[in-house]
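Note that the chains take the letters A, B, C and D in the order they are written out, and that residue 1 is the start of every chain.
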Amino acid sequence: MIDKSVATALQAVADVFDGARVLVGGFGTAGMPDELIDALIEQGARDLTIISNNAGNGEHGLAALLKAGRVAKVVCSFPRQSDSHHFDALYRAGKIELELVPQGTLAARIEAAGAGLGGIYTPTGVGTPLATGKETRRIGDRDYVFELPIHADFALIKAHRADRWGNLVYRKAARNFGPIMATAARCTIAQVTQVVILGELDPEVIVTPGIYVQRVVKIDGAAGAGALGVAA
Amino acid sequence: MKRLDRAQMAARVAQDIADGAYVNLGIGLPTLVANHLPADREIVLQSENGILGMGPAPDVDDEDPELINAGKQPVTQLPGSSFFHHGDSFAMIRGGHLDLCVLGAFQVSVTGDLANWHTGKEGAIPAVGGAMDLAVGARRIVVMMELMTGGGECKLVERCTYPLTGLACVSRVYTDLAIFDIDRNGVRVAECVEGLEFEALRRMVGFAALRDGRS
Amino acid sequence: MIDKSVATALQAVADVFDGARVLVGGFGTAGMPDELIDALIEQGARDLTIISNNAGNGEHGLAALLKAGRVAKVVCSFPRQSDSHHFDALYRAGKIELELVPQGTLAARIEAAGAGLGGIYTPTGVGTPLATGKETRRIGDRDYVFELPIHADFALIKAHRADRWGNLVYRKAARNFGPIMATAARCTIAQVTQVVILGELDPEVIVTPGIYVQRVVKIDGAAGAGALGVAA
Amino acid sequence: MKRLDRAQMAARVAQDIADGAYVNLGIGLPTLVANHLPADREIVLQSENGILGMGPAPDVDDEDPELINAGKQPVTQLPGSSFFHHGDSFAMIRGGHLDLCVLGAFQVSVTGDLANWHTGKEGAIPAVGGAMDLAVGARRIVVMMELMTGGGECKLVERCTYPLTGLACVSRVYTDLAIFDIDRNGVRVAECVEGLEFEALRRMVGFAALRDGRS
């Protein structure tokens, strides 16, 4: 029988190893797997490469992971925020590496990894500093930049509901990077608000089929509670 | 002369958006355009974090931390709206499906080059977000910005000195003083605020090739 | 106000021009836009390039379009079927061009077009006759074939429900190529079983956002009736 | 010797599929495997036309023309099943997410090359479907076929003469007479039907490098 449930967030992230490449879902506070990140801080893995849209803000979540000195490199589109002071300080001190990727290219590279493609040509970034040193190619009447897939060892994401097969549905704009990150990691760990009986999720509306999810952790609390906590 | 304030600039941009258009409004100044969309037109707003059919800001009591726009502000959803993931959202943007994108800018060149993501200053931490995808993706890219910096430098320039976001992508620039159209022949003034003479505007932008496109 | 409804299938395909590239949804009988194809036959456009998974079977739908001599070229993965005799005869007589594409590459090329990519590298087909003459490239420890996007002038697809914005939901395995074809054509025409009031489709379950759909035609009859008719 | 019939071959393949495995069964012979999955294991079948969690054939009265498998036969859906479009389905296949794919074959070579889409005969109309994607995508590819053609030629060959589907992709071949494992060292016999001697099998396949891998 398939049952991907794991009792605690700490158990779910137990085998994240030093130097692992970790995709972290979320855009702003929506869809951020806060409890999984807290567990990762407690677990202690170091020298991580974090691939996420942002580089943490305030004192919680990714910002706390960075502050704890666990992150060697961040691959993201938007590290600079009004309250991203932990990233800012580490970056200015030369203690963290940054690979800046346009948001759509970040998404496309993650999708390419999940879909088994070797690379893609995107028009995004042509002629800009973010294409410097990259192969460009004229196809038809337009120039494109060659981009490689972004694979990862783990993906930490937040969804709304799951069943024991790991099928997931999301809630509103908290969907963001979750579904594509789930496809690009060898081990995808989803924190969810609710676990329902197998068959209760309509097959027409499942966004992430269970094949992409290795572990599911139910986090107690109301929908969006984690995000509300951060906003407070 | 009657310089437009930000609300007036936003209203002027909104006035040009057609009924039925699919539109992305960039972070910052362009976000204001949402407050001025003509009530008799159905305009569908896209937010790159996975919303089509985004509505206005909610009352404080109705804010949902999982219903935010690309600027991470609380929004609402209209009947007909849909959610999708970031991969699908940027496929929509990059694939040329949006009719219009309104972006802010540090600089726009006379050939339509856009610089809006990085000042390039020593020690500045770069952040690009979705700006480069929007710049290459939407069918029409317009910029909304104040014409002059606080320091008195014109942001419409012969050649961008800030790092580029996209090449030859901007076709119209809405400013507080004038509206400029950009095509392969250069820059034409489409509108000027009341009391601003064309020659005075030419001196402000500082390049001779500016043409008067007003009929 | 946005209203993408068109009264009849014939009106919906009225501007398909001679030589147009037309994506046609469906896999087997599921999701086949039969009424739109019938309208296209009546409309009379010639020298069409049809991009679809199959090349028609029996006497209806694509097979009838082929039989009427309207198709110059077929791009598909699986033309040969037990009852694909119209395609077979035209192919053997040299009267129709065939571009054979692996099914996943067909899907990926259509998606690439919809997503604005200039090309992709896929591992599918490496070392086989279907990669002959195509650029191959070693990326990491694996070989990939370079494939170009497939753009089209029109897409004819079948969905289950629509609203006036053109938002679509599908039914079971009739979803197949519909959602990706909708993204890759300049004009996507969807035949649907039901048109509902705007707002009735849950934003979480819309599969094709209306931005990808230019015209919607309601076809009378029960769900799946078209397919049942063909099966009869 | 006790040659396996098709049902017995299917049962033998099914016996090796682990609880919890995600599996695609190719068109034709492999489809039979679905009828023999052990009742005490939860095995999730994928169909490349966009179904995960496919169930067995329905009663005739319950057939739904919009619920069919890749072979276009009516199927059912199990609790936990999901639907997705062809792009997502082949991303799932190509991206290495399936644990196992069982394919039919015209020929398999001693290096694991697979030929199963085209006889290459004059006048034959080629059709590839999803075969090439499955051949490169699943984590483990096994073939299920009769060892000899009707004309008495062995389908396990030193080098495929039919057009290839994929290179060095097959790791096990289930046949009516024996099971063969293929790796970089060549081909080993893992099992033989009762009454078939290894040397007799070696003569049938016709290449000397065959090794006996039975303990």
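The working rule: a residue touches a chain if its C-beta (ideal position, glycine included) is under 8 Å from a C-beta of that chain, and two chains touch if they have at least 3 such contacts.
The chain list, named the UniProt way, goes like this: A, C = 3-oxoadipate CoA-transferase alpha subunit; B, D = 3-oxoadipate CoA-transferase beta subunit.
Everything numeric here is computed off the predicted structure, so don't read it as measured data.
Enquirer: Quick check: more C-beta contact pairs in B-C or A-B?
Expert: A-B
Enquirer: Chain B to chain C: how many Å between their CA centres?
Expert: The answer is 35 Å.
Enquirer: Starting from the mean Cα coordinates of chain A and chain B, work out the distance between those two points in Å.
Expert: Computed from C-alpha means, the inter-chain centre distance equals 29 Å.
Enquirer: Take the average of all CA coordinates in chain B, do the same for chain D, and state the distance between these two points in whole angstrom.
Expert: That gives a centre separation of 55 Å.
Enquirer: I'd like the Å distance between the centres of chain A and chain C, where a centre is the mean of that chain's Cα atoms.
Expert: Whole-Å distance between the two chain centres: 33.
Enquirer: Quick check on chain D: which residues sit in contact with 2+ other chains?
Expert: 77, 83-84, 90-91, 94, 136-137
Enquirer: If you look at chain A, which of its residues touch at least two other chains?
Expert: 108, 111, 115-117, 122-123, 170-172, 203-204
Enquirer: Chain touch graph shape: choose line, ring, star, complete or other and state it.
Expert: Basically it's none of the tidy shapes, so other.
Enquirer: Among the chains present, which pairs are found to touch?
Expert: A-B, A-C, A-D, B-C, C-D
Enquirer: Can you list the residues on chain C that touch chain A in the complex?
Expert: 108, 112, 115-123, 137, 139-140, 142, 144, 148, 169-172, 202-205
Enquirer: Could you please specify the touching residues of chain A with respect to chain D in the complex?
Expert: Checking each residue of chain A against chain D gives 1-2, 111, 113-117, 163-165, 167, 183, 198-199, 201, 203-204, 206, 209-212.
Enquirer: Spell out the residues on chain A that touch chain B in their complex, using ranges where they run on.
Expert: Spelled out, the residues of chain A in touch with chain B are 27-31, 53, 77-81, 87-88, 91-92, 98, 100-105, 107-108, 110-111, 122-130, 170-180, 207, 223-224, 227-228, 230-231.
Enquirer: Along chain B, where are the residues that touch chain A in the complex?
Expert: Counting only chain B, the residues touching chain A are 47-51, 64-68, 72, 77, 83-87, 89-91, 93-94, 118, 123, 125-133, 136-137, 163-167.
Enquirer: For the complex, which residues does chain B have touching chain C?
Expert: 19-20, 22, 42, 44, 46, 52-53, 77, 79-84, 90-92, 94-98, 136-137
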